[in-house]
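Multiple structures follow.
After this come two complexes, each holding chain A, first together with chain B and then together with chain C.
Here is the complex of A and B:
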């Protein structure tokens, strides 16, 4: 009996071995052997952090969707190789204080061969603004006349200030002067949509690769949910001759930087982001580590609702004189490329001719323990308090955020004797608590949506919904309104310089750092554009070097 | 577990004076038991007496010594906020100032190079190392987590990748004026400060925020062992009383007790842990130690209750209990004189096995962020902190992990030995 059993086991084992060999032998080209770049087929392989929740350009909000959409759709304008605005579907354009006029290319077509018309843009923008679409990015259309009323359901969609003058001519009417409107047209919410296709699929539009239309350099040919996306060169794209990559394969979806790094190391993907723990390993392997400034600002936001201690200016000044962003960046975060922040405006914000921060350098305060304690005593007198109650610090749950929060907790305790309680929350919950005002101080971040200083400047205007601390300062509001309504660039930026100084002086927020991404890239892959705007990374102008 | 169900009255020598009896076998102190008991005691001493000997604040952050290895007390230069200025004409990449707060480098103009890129590598690392900066200036101040080791800086033409200069430097230990003031090493308002201050030693190094690992192991062990001992003490006592009553009284109460035990066993621990946290109104950022202990009390009592009930049930029907009852001993007397001494060894064994289990539960709950909250810590929370730097500084994870493993092992061996002794005792009675 024992013998027989042994033989059977042996047979099963060899059968299993046989099957394994067969599988390996029959499918040699499975992802296990995919290569990062393939010169012959001009294809590259990448990993995605997460699956995009939607690829509907009117509804998408996240960076992954922005990356995919920027490859498969093209707006009126797009960002060129060096981050400058160049013509997309629009061939030429004209902009003034009252509005903008775009002339579309005759040869711009959808992936089914039909021409892209001005009407497609009119439909897309009206569609995005409809209350039933519930687009979170509807506010980005507000510079267009009537957009706010349409979005709030007070006016019909066709009252929006945009109209198709002819098949190839589009006219946009502004609610107020909008010198940055051209960069808005490259944003994903401004992509065109074809009415017949969107209405045919209804809610299922852009839920699968075959349920949508493309007008960009690539089309989505494969979308296995949660597993695999493939972009291939669009044969109907008007400028297809300039593309030097014909296929972008994304067979891996993992948010773990360690897993992405291992894939890169094994030559399976062409690009991988690094985090602190992987830095030493990457250096040891001799990889060429690169960083790029992601343009987002991290800051401590104070709560100004009634009854909050943080509404007291002296209290905020005390923290300002205590917290040195350079120490946070160099000692706690410890990633090269991350910059200490001193201003509301990151270094990537453009000014009149060069970077805004070069034209108007920010006033720097020297951290000073004695001054900080004086301010705290003053706050105590002003508030009539003997001791400060514990404050609630709302923070994210990533390892870096936790470490950062522990640093603030220690610093405030040691330097000012304040008790700080750390409230760690996942992203969604944190946003919800911020909206409700359930915090004293929150570790927040803001990434720019369009290439203009206003994307940061109007953040703390009293009417902005994203002003989570309900900061309200008449001078701040006045400066933002002035800049929004001013047609003169020099006056706008001068007002913004005053605003920058006001933020240092009144401390509605305390900037901490400007984020950077560290990454490694396959040495044969060239021309990848890492950018703050218009989808990152961008492979439209990339090529593979032999 | 091979715990025999039957227990008898303590052995008593017969009254006949001329009969010789075998003495009950003495406890055997095997080496492993001695080692385990010693280790458990040492752990308790480490967390209770340790902080009196090693008087460092476990939450004090020495940001000038982030993630450092073991150090003895060193003198550090106090560095002001303004870096030293470079002098005269330079001919190569020059180190103007070099300490662990900043390395200030300057270099000459190079014909046809517009943008420079600066790399930093450790001395024995191959390659250029970490890219620090890229720009048009001709000087750079590196402040990025500098340690006392030799660094090699390489300056490269950013556009062509051609190496221009390279230099090595070993930064001297330093602390910024601001940090020295914050740590109370120099007065906050003094305009003049000493050139050097003495920094405390860190025998096991510091963690990613510059906190002394030894002091944190002691503080973390206190919360770990507190939970590890108090929680079992509570739930085993409760289980023993409840189970003992059920076994002795029998009938409806017994039925009720055992069905509620079945019910509690079916509850998922983690889910109830989270629910209790909310039910107790433990806000974010507050310590979860109390709900943790209460959750363990509410959810872990059935096993000891069942154990004791079985023991009491078996004892209750023994003739010596009947005879004691017939001689007029009160219920309380029977409990005290006959039942309690007989279930005590079983209780001890259950207790010593529950301790490592509770330590481990606390560690894993703190690891997933449900236990203690900063600034207090525990071994599990320290493991969670250390896992981020596992590749570069493994000590930050390995030390607390070793403490958990050692104490769990020690208490387990102790429990094993106690069980063996209890078994021998029962065996010895009949002889």
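Here is the complex of A and C:
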């Protein structure tokens, strides 16, 4: 009996030993690892935060997909080295208040050698708007005549105001003047699609690297789900001679900034974003820390639903006079590049000739505790309250969001004697609570979808579903409508200046800060374009310095 | 007897999996929000289309029976967040990665644990024993993400000192990508097995047959391998089953930090993103996996030690 037991145990043990030795035996053979940049093969290595949820240009919504798609597809226009719009598939264009006309390059081709035609754009845009495609970015086509009706299933797709005049000429008819339409054509939803290939794969289109067609500077040559993506120079790209990077390898997918930073330190990847915890370490190592304004605005959003204390203007004014965004940015957030926010429009928003905020500086209030308390007393009288009940502050669960929420809690208690209860929620639950209006104040943020002031301006219009606080103000709505229908740039921006002032005066939201992205980059890698528009980061015009 | 026992265990296993699936299904639907919610609001028309596509427009009871029907035919549907991918493909592609990592972790834990336990028992009360026991406490009490981050930092330092890539910092594909994550993953089990084998070894050392063997002049290596180790291994082997299950399912942090495309990441991220189909697919898969392991362990008990009676009524 004992012996039998011993034999079985021995067998298991020796089997395990065998596996271990078999694996250990291979150990000395170390494979050569690809490095961050390779001058000879003109290749760079990067890490991705997550697997792109989809690479179907008509359906993608996230920043990772936008980054990959901006390298493998090209729209009518694209963003150049300095963030200016330049010709992509289109070599010439005309735009006026009624519509836009594009003339396509004869030599723009798909990765199978066929020409990119005007019809490919017509198909793609109709496809994106079909209700059954269920594209979440369908609204970005709404400046085109008939787009909303097609998307809501009220009109057939071919009623959309876009047509192929010839193989190389495309005409777009606007629903209302759209001075920013050219920038929309660089957005991923506007990329061309070829009908035969999309229909051939159906729902499997863009599920794998070999189930899609490319017309951009790179093609996806490898896509191991959740593990590894590789982009390589597209031999059919019309402007391939201007590309100075041949290969972008992405063998790491991890959302952990610490892991990305370690890979950067080890010389394995050429670019790593930094978070607060890594900043000190990067400074200590003497890295050149760079940043860019991501163009997104963080703010406190108030709930205007019936019965909410936050619907009272005096109450909001009290908080406005209490909270100094500069103190928040310097003392709590403490990241270089992050700016205190005073306006609905971040500094990155374009105006008529230069930045909007340079053309129309925002009215600045001086924070004043005495004024804040006066407003609070006024709110008490108006609401008929003796004491304020605790208010619910809905916030995210990232370390920064927690820190920020605790700061507001401390500030309101100390300054105004108000109790804030922090309701910390993970992403989906926070969005759901925002949608339901289950909050008094929410720490919210908004990133621009397209390169125009309207991406921020219409946010708090009474009809906008993203207006989670249900703010409704006739003058606000009127100004947005006016700007949407105005053909005159100067009148349009003048209206936006009035809107900017209205936000300071009526406080539908309280801007807190404008975010910045911090990153470290390999010193030999040059010409990387960082911007929220047109895919970030962008290596189309990048190169490796010897 | 044996066949009846196995069938009985499998039946209970199936009921367990059904219970896991049902409880998860309703718990998941009770969480506020749903997989379609994104930070940007979608139009009612788009939302209606998506609800219809995933069958979310149907009553919950109907969704449950549809899901159960599909599950029995082995189809978990299409992921919400990875919208072109079938959940079956996600499990098929990513479980082998987790399993490879898990087996390597178990191997390291087993060899390392038995070795450390033997050393500690041999030098009972002396400094090697104290050192091993100190490391055991450290390995059990320090959380995995700290150890993983630390291990990665050590690799960075090591590579910098050697001025070449001695070990990769992260990633997957080569044999060298396995070692450090497997060690980090298996560390807790290694520590536990050290304690276990130390205790077993001490018991064996004080037994009569060791004394008899010594009296016959057997000593050193031969005594250790032929008499002590064999018998001390038994309790360790019985612990292996639960350890295998725990390790192959518990690799989320290690997979995240070392950029390993395993199933653990999908398991955790699906919950965060409320990806209904992936939550159900991975939970049912892991549940079934655990049940199978437990049944196998029960069967192996009987094989290893016939004194353990196989009766159908045993819990």
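Convention: the second predicted complex is superposed on the first by the 514 of 546 C-alpha atoms of A that agree within 3 Å, B and C clash if a C-alpha of one lies under 4 Å from a C-alpha of the other, contacts with A are read in each partner's own complex, and residues count from 1 in each chain.
Going forward, contacts are C-beta pairs under 8 Å (C-beta built on N, C-alpha and C of every residue); 3 or more make two chains touch, one makes a residue touch a chain.
This structure is a prediction, so every number in the text was calculated from the model and none was measured.
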First, second, both or neither for A:57, with chain B first and chain C second: neither
Partner contacting more residues of chain A (chain B vs chain C): C
Which of chain B and chain C A:484 touches, first, second, both or neither: neither
Contacts of A:70 with chain B and chain C, given as first, second, both or neither: neither
Touching partner for A:369 - first (chain B), second (chain C), both, neither: first
Touching partner for A:226 - first (chain B), second (chain C), both, neither: second
Partner chain(s) touched by A:234 [first = chain B, second = chain C, both, neither]: neither
Chain B versus chain C as contact partner of A:215, first or second or both or neither: neither
Set of chain A residues, in rising order, touched by both chain B and chain C: none
Chain B-facing residues of chain A, complex: 276-281, 283-284, 286, 289-291, 324, 326-327, 330-332, 334, 336-337, 366-370, 373, 392-393, 397, 399, 402-403, 405-407, 409-411, 413-415, 420-425
Touching residues (chain side chain A, partner chain C) in the complex: 1, 4-6, 8-10, 12-13, 16-17, 19-20, 23, 26-27, 29-33, 47, 51, 53-54, 56, 59, 61, 131-136, 138-139, 151-153, 203-207, 224-228, 251-256, 258-259, 262-263, 265-266, 268, 426-429, 431-433, 435, 464-466
Chain A contact footprint on chain B (complex, rising order): 59-61, 63-64, 66, 81, 121, 125-127, 129-133, 143-145, 176, 178-179, 181-183, 188-189, 208-210, 283-286, 369, 373-375, 385, 388-392
Residue ranges of chain C touching chain A (in the complex, touch as defined): 31-35, 37-43, 45-46, 49-50, 53, 81-85, 89-90, 93-94, 103-104, 106-108, 110-111, 149, 152-153, 155-156, 159-160, 165-166, 168-176, 178-179, 229-231, 233-234, 237, 256-259, 261, 265-266, 272-274, 303-307
